[in-house]
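The structure that follows is given in the form of structure tokens.
The chains carry the letters A, B and C, assigned in the order they are written, with residues numbered from 1 in each.
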């Protein structure tokens, strides 16, 4: 909230105006940079975006200069979805535990430990993924594959296992987005009014019933926003995905199958791309940019709406 | 002695203070040669008729003249390069050995694949590029620095590596390779594979085909081999033609660089792929013996690669293809590689450094190649390459 | 009469047998607790791998030697990479921190509820979610193509990444400064700019510094923005504007795909160094902000 300037001297101070202008310029810089990114990338991407089949085909052929984005959009969405399915129950579980259940002395250590996860750089997770997780998880994948081989629907979902696959990428992404989703969920859940919670307990509800009946309905909007922010982050993650996703431009129902994601293919092929190929990769970057912005805008507005509702200003 | 020293100090003083260095540089060279001559003549005259003395004096004169030209170590320069991962292990060692002799020159080689090298050279992001494949005619206009030269460096086999438990030896013909890599044969114990490997115990598991994710000269040479042997010119089994990337079946997997691909095969049971001889050896991967034009199954080796390259036809610009060569001992998937540099260099120090590095490549570098598991060039090709060095234009 | 409790859309039957309900409650609470245990497993596994494998190769000479001439050599270290990380992150901080703090000052002190203020605040939130590879491509297209690969290009990409993070965290910190402090300053006749510089900013400083340090820790670990902007140098390069450079994250990424044991070991050593670096920045940031909240 800005404060009225009480300039008792009544003089117009040039330094005053200069500082204010500088601050405004710095603020506008964000808008300038964002618009510049959008502009520069869209102009370079234009030839590929308007080529007619960019959004309709899954074929990506450098020699024939046919560039379709479908396989990569598919891979991005599938790996991000797997990440969300794994991370959301765990993150919200931690958030609920910390805010509703845990004794006071335990809260800070838990929060710090989860934030420790956020401090580890993504490339280290990717390295661990390709060196340790991908080789070792084959055993688990094969058991799941054998278990579900009798069930028609699940059979195609858990097909021929590969260490480097969309599912493995999903696991690594889940580990990376858990701290964000967890801390945002904590913030949202802690806005639940004490009165409502105590009221439920006073009426004889057990702890869990109180959580289910009061806390979750109250925070559901904000939690959706937190989950979407995690989704945005999972879609944009480049390095960890590049190393473990399998680099295969296929669309398959098999979660254990190799795939590719938009940021991963950009990272792999950008160095050598020229002409139409480079334009196509830039078009992928623009698509990714647009997707993550839409998800983030939706998520931010949902979270701030629920925050304002909790504060009573809505 | 005194006279010589006096003369050189006068010339260096003149060179420092006078801006027209060109005149004085040649003046200085003239002076040093004259000095050497005077000294030589005076020593011979004074030393008498001792044959060893006059010999040593003569060599001193010759030695003084040549060391005057050679001990001038290359001036400080940084050369950035990128490109083929096929010869990367060798180039890195060559760069290190070269730097030991020319401390002021720093050479970086970033790898990244032949495609990246060619792209980077075209946009002049790097000073030299490594490429296993030649530039397409249509792409030549995008090279901002104008005309460029191909300098062949080494030859090596491309191994068809595999990771199948219990299988140590494998015989593959080009037809079989084509079918496997086009995912037409999907299991290790397919009858077609068993037909060429009588008595082998092949597992009943799926074959995981892996290829390069980046634009690769190794891919281009491998697919060109398949195209020559069983492609449009052969029985038509191989349909994907050749190029630095081809349209592999979507169920295949990929990895970046020869190193990344060898790691993939090492980690993934049931996988098959193609990597250079040196990287395959270092990763401890088993390689198949390939049937050559003469009908013999040849295991990958440097001798087999040299035998293949010796018979290849070399174009005027020193481009050639060593794959699918004739001859009993020729390994059919031998591959060649070049260093690409612009013909007219714009920076004197860099131009001299590049030329010096290539000279090293054709001298001690060829001996170093064998230690890193790469085969040196044939003597005739080496002579042609050394002659091409004179075509590099360095500003005075 | 059955007693029920209805809140929102859910109805709980409070008359049901207490025993089962309280067992169910205990079970669910226990499940919530296991969520924490589950998330700790990968953390412990990753850190254990980093410490064990990285520790094997760690030594003073490892931290100071040049990058191995060839990945097959058993010698070689990460000296130039450490310098490269510090150089790029340092320059990025020098660019992003002042601009970010100024931008946050605009949002907290000048913008109020104006349309421009709301747009800038919204866009900063949006910008924090932009994938880092997009920043890298952006700087490549605008800067690297013209000025070649060098540390400064990488620093620019990292600065784009850090700017929105610093703006948002600094704005939060500035808002936490009590209004009474500002009003007292105005009451004494101080101008707005002077108030911000001499009163508000120093009061918020520990929190601001802590936010900047967290952004630095994040930027130090990023790989994607540096992939195409800094190149791949093997020797030390202190020049930010000329010549390729390298960074710890780039070294880890490069060594991750190598089949050679020695290269993998060096990658873990670099990972250990990077994790230690990021952790120290984060812990330092926590200490600074703890001092901040204790001051208030």
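The rule is short, and it goes like this: a contact is a pair of C-beta atoms (placed from the backbone, for glycine too) under 8 Å apart; a residue touches a chain by one contact, two chains touch by 3 or more.
Keep in mind it's a predicted model, so treat the numbers as computed, not measured.
Participant: Taking CA centroids for every chain, report which one is farthest away from chain C.
Facilitator: B
Participant: With contacts defined as at the top, give the pair, B-C or A-B, that has more of them.
Facilitator: Of the two interfaces, B-C and A-B, more C-beta pairs touch across A-B.
Participant: Using mean CA coordinates as chain centres, what's the chain A-chain C distance in Å?
Facilitator: 16
Participant: Taking the mean of the CA coordinates per chain, how far is chain B from chain C in Å?
Facilitator: The mean C-alpha positions of chain B and chain C differ by 42 Å.
Participant: At what distance in angstrom does the C-alpha mean of chain B lie from that of chain A?
Facilitator: Their C-alpha centroids are separated by 44 Å.
Participant: What residues in chain A touch two or more of the other chains?
Facilitator: Correct list: 271.
Participant: Scan chain C for residues touching two or more other chains and write them down.
Facilitator: Expected reply: 257.
Participant: Can you pull out the residues of chain B that are in contact with at least two other chains?
Facilitator: Residues 82, 255-256 of chain B each touch two or more of the other chains.
Participant: Residues of chain A touching chain C in their complex?
Facilitator: Checking each residue of chain A against chain C gives 1-3, 5-9, 13, 15-16, 19-20, 22-31, 33-34, 36-37, 40-41, 44, 89-91, 93-94, 96-97, 101, 110, 112-117, 119-128, 130-132, 175, 178, 182, 196, 200, 203-209, 211-214, 217-218, 229, 232-233, 235-239, 243, 263, 266-267, 270-271, 282, 285, 288-289, 292-293, 295-297, 300.
Participant: Considering the complex alone, what residue numbers of chain A touch chain B?
Facilitator: For this pair, the touching residues of chain A are 58-59, 61-64, 71, 134-135, 138, 160, 162-164, 246-252, 257-258, 268-269, 271-275.
Participant: Inside the complex, what are the residues of chain B that reach chain C?
Facilitator: Chain B reaches chain C through residues 78, 80, 82, 88-89, 92-93, 95-96, 106, 108, 110-111, 123, 125, 255-257, 259-260, 262-263, 266, 279, 282-283.
Participant: Which bits of chain C are touching chain B when the two form their complex?
Facilitator: It comes out as residues 69-72, 144-145, 148-149, 231-235, 243-244, 257-260.
Participant: Taking the touch rule as given, give the residues of chain B at its contact with chain A in the complex, in rising order.
Facilitator: 82, 112-113, 115-120, 122, 139, 142, 206, 208, 213-215, 241, 243-247, 250-256, 264, 267-269
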